[in-house]
Amino acid sequence: MKISSVGYSVRQGFKNLRRNLLFSLASTGTIIACLFVFGLFYCVLVNFRGAIHKIESSISIAVFFKEDLSEEAINLIGEQIKTRKEVNTIDYISPEQAWEDFSEQTYDDPAAARAAFGDDNPLAQSASYMITLNDSSKQADFVQFLESIEGIRKVSSSTYTADSISAINAFVGYASFGIIFILLLVSIFLINNTITIGITVRREEIRIMKLIGATNGFIRAPFIIEGIIIGLVGSIVPLVLLYYLYDLVINYIAGRFTILKSLFEFTPPFDMFKTLIPITLLIGIGIGFFGSIITTKKHLDI
Amino acid sequence: MSVIKMENVTMKYPTGTVALKDVNIEIEKGEFVFVVGSTGSGKTTFIELLLRELVPTKGRIEVAGIDLARLKKNRIHKVRRKIGVVFQNFRLLKDRTVYENVAFAQRVIETPSRYIKRQVPAVLALVGLEDKYKSYPRQLSGGEQQRVALARALVNKPEIILADEPTGNLDPKHSWDVMNLLDEINAKGTTVVVVTHNKEIVNVMKKRVITLKKGVIVSDVQKGGYIDED
Amino acid sequence: MSVIKMENVTMKYPTGTVALKDVNIEIEKGEFVFVVGSTGSGKTTFIELLLRELVPTKGRIEVAGIDLARLKKNRIHKVRRKIGVVFQNFRLLKDRTVYENVAFAQRVIETPSRYIKRQVPAVLALVGLEDKYKSYPRQLSGGEQQRVALARALVNKPEIILADEPTGNLDPKHSWDVMNLLDEINAKGTTVVVVTHNKEIVNVMKKRVITLKKGVIVSDVQKGGYIDED
Amino acid sequence: MKISSVGYSVRQGFKNLRRNLLFSLASTGTIIACLFVFGLFYCVLVNFRGAIHKIESSISIAVFFKEDLSEEAINLIGEQIKTRKEVNTIDYISPEQAWEDFSEQTYDDPAAARAAFGDDNPLAQSASYMITLNDSSKQADFVQFLESIEGIRKVSSSTYTADSISAINAFVGYASFGIIFILLLVSIFLINNTITIGITVRREEIRIMKLIGATNGFIRAPFIIEGIIIGLVGSIVPLVLLYYLYDLVINYIAGRFTILKSLFEFTPPFDMFKTLIPITLLIGIGIGFFGSIITTKKHLDI
């Protein structure tokens, strides 16, 4: 194809958009709507998984030591635990701290506790490490590791909670994947639908062009350009919408539900969009491109 | 040397209608041929076969020395570019102006823009539509659309012109203008095949006349006249 | 009593083209009128105005005693049902068979099915298409489509028949068949208006001839002939 | 309109579907896709809200009594608490139970605990009621009520947890509403899009019908029938799909993530579909009906 024909194709692509305004708007609208919904759920699911991960990493395992274990030995155990890469945080709870926490929860004022036990600390043996992991499904292995360490008397962990969280985590993972996949399929189906219709109603035009002696490439080029433009506009618009909406929602929630902020951190817009932008552009432009290629092919066989 | 050649061509539509039956035609380069015949006798089918819009159920077709049956699909445009067609129902691109419709035929063969800008107005003037170049087909009268179709067929100065009823929507004067134009072009060496119902024109022009009746050639005479059906 | 009346009608299209200019026409009930004129002279525009497909920029139009300008939008069908039209480009419903296209005109006026089943085949036989009733428009030749359009216009036995170039795609014999048919129908009292370029037919039939030129009536004679342009 | 014309319209409506197969399939496909996604999220959100409610109703408030309060007085207080309608469950924890729970968590075996404290129960004063509410946002009021009761020494509740849950609850409520609303809008937009296109490509046909003398009602009726059929098919198909999918997912999860079952109860299919079916049918048929009415109107004005 000559350079002048390339220019012609590009100009025709743009002109076609205006000539078939109804279809251009319909196709673009469809892509925008689909990718908007797709992006919306992508954001929701990413945040949801983030929240679960946050909960996951706050489940703690308490490690108690053999009687009269020296502080040095305890420190050593701490160092040993820290080397494991599934460890998220590790905190030392002294017996004093433990007793204070307990009596505070059980008695109203320190005086009452002191009245009951004097200055004896009934939890003198209760120094512990509180450990959180970054993957609750590794808890069972990790507990086994802890129990094998010399000097540890008891490992207190809630298998139930950890198992629940890791089940929830796996479940949400599958579900997110399933939902994103379904949304993707539906988007592709719908977008392809409108593009097919848009080109099919022009089949008589395509037929005429072929009869006049146009090559397939010549007829197709403007349709492909058109498809790419529709795909491009159709992916940029929802991205912009989503960006502002996401910002708005984050700020709204930060203001309205202050308490959530500590429970739950929104994935920052940058992290979110650095994956969402390429995915969305790929889908939009990809469908615009391949959709027009495939659909024109059907009508070019004359 | 024959530019159009049909050997034992039969065209049976999927509906069962046999539109052409064992047709043998040879048209020499530079000839002017009228194809006449009652309505439904297969004239448009004949044109569509030459364009390879239709593929015959039987027989061999050769256009400009190319055997259409042997032609690969992605080579069909090679033949079509040698032909300028006026379709019976015009087949204009309805979302483009008159100018763009005619220019399109030139763009297809990658004519440089500067030629297009010169040749399109010239050919529109030739068919008397210079002041309608901005109109869309739906804004034209029947006869005007027909002349746009003619302009599009002529603009590339093709080897062969196939005109299916090119004066069906024209008054006698314009019909004669069109026929004289085709005659002139033919005089310069272009092969012209005209399908028509215009008895007067056929009788006056004294060209070769091929008469079809229910898909069969019933007469093929040089300097012939219109044969009325009994 | 006049069934068609135009008073000072001007039709200017949004593009600026003045298709009709100060036209005054009166056509009596039972008349047979030819409307002739060069291509683009406003004949189709004239038909479309009578159908109220177009609204004139100026002037008054009366059809079957009804002032079209005063007609409410939801009453337009009342006028249209009195008219049978053959459109220049046929305007058949392309997703319905020949039978259904003709039957549609009857369904519109809520003809009982048993009448439809009798009348549609009868009128198709009248135009010589009885064996094509199952075909879709795209499976018909140009002349066949034109006759379907004619059949549709006739089937309701309307008061007025408007035929825009009804023989443009027909050979001389079929053209005469159609004209004789319209003449017969006219003899039974139907008003017939025929737009045509067929000089021979106009000259032979000796009916009233209205000649348009660039949107102006340049002649209107009883038992007239085709006036060639200079 | 005569009876015969009604019959004709209905038959034409069905015929149109076949005549314009591409558009019929495209429109039906669009409705199916949209309502499927809509229904999918409806199911997800309903279950999600159910899960949150379950968590909400498991947050407990502990009520401790004044020293040496008689068992009778404690019972009386229990009766008084039970009269409040925000109370979900109430359980009595005896001092013995409390000590056992505690020592089990702190020491490895009862022997060690007995060694430390003998048979003394250091938590002798720790009889309590564990109360769960069915609406965490009412906790603050309820705690105030408890504190006003004579004989109660201390009410131990996590304001933080309750507030968090009620914030999450409110947030999820808004978000669900927002998402369902957006999905609804998008569905309506997309479905209307295809119906508009489907009818617009037939505008020349509509124009011809009008010129032949057809009334608006006569032209419209088959389109409306067509729209209703498309809407009907387009809502029944996703409902059936969703029903089977929902059943499948529930059973799969029950088998795969047994642990989730105790955390989380799926809304039973019956409850889910008794609201989803009418909503979906209403949207599908509604859009089919009004979409065709509105779109034909545009082209009937000739």
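Going in written order, the chains are labelled A, B, C and D, and every chain counts its residues from 1.
Note that in this section a contact is a pair of C-beta atoms (placed from the backbone, for glycine too) under 8 Å apart; a residue touches a chain by one contact, two chains touch by 3 or more.
It should be emphasised that the depicted structure is a prediction, and the values quoted were computed from it without experimental measurement.
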item: Two chains joined by the most C-beta pairs in contact, as defined above; value: A-D
item: Most remote chain, CA-based centroid, reference being subunit D; value: B
item: Approximate Å spacing (C-alpha centroids) for the pair subunit A, subunit C; value: 67
item: Computed distance of Cα centres, subunit C from subunit B, in Å; value: 29
item: Cα-centroid distance, subunit A relative to subunit D, in whole angstrom; value: 22
item: Sites on subunit D at which at least two other chains make contact; value: none
item: Multi-chain contact sites of subunit B, meaning residues that touch two or more partners; value: none
item: Overall pattern in which the protein chains touch one another (line/ring/star/complete/other); value: ring
item: Chains grouped in pairs wherever the two touch, ordered by label; value: A-B, A-D, B-C, C-D
item: Interface residues, subunit B side, partner subunit C - complex; value: 13, 15, 17, 36-40, 43-44, 88-89, 135, 139-144, 146-147, 165, 168-175, 197, 199-200, 226, 228-229
item: Subunit A contact footprint on subunit D (complex, rising order); value: 22-23, 26, 29-30, 33-34, 36-37, 40, 44, 64, 105-108, 116-117, 122-123, 125-126, 153-154, 156, 160, 163-164, 167-168, 170-171, 175, 179, 182-183, 186, 189-190, 193-194, 196-197, 200-201, 253, 257, 259-260, 263
item: Interfacial residue positions of subunit B with respect to subunit A in the complex; value: 51, 53, 73-74, 76-77, 80-81, 83, 85, 91-96, 104-105, 107-110, 112-113, 152
item: Subunit D to subunit C touching residues, read off their complex; value: 1-2, 4-5, 8, 19-20, 204-205, 208-216, 218, 301-302
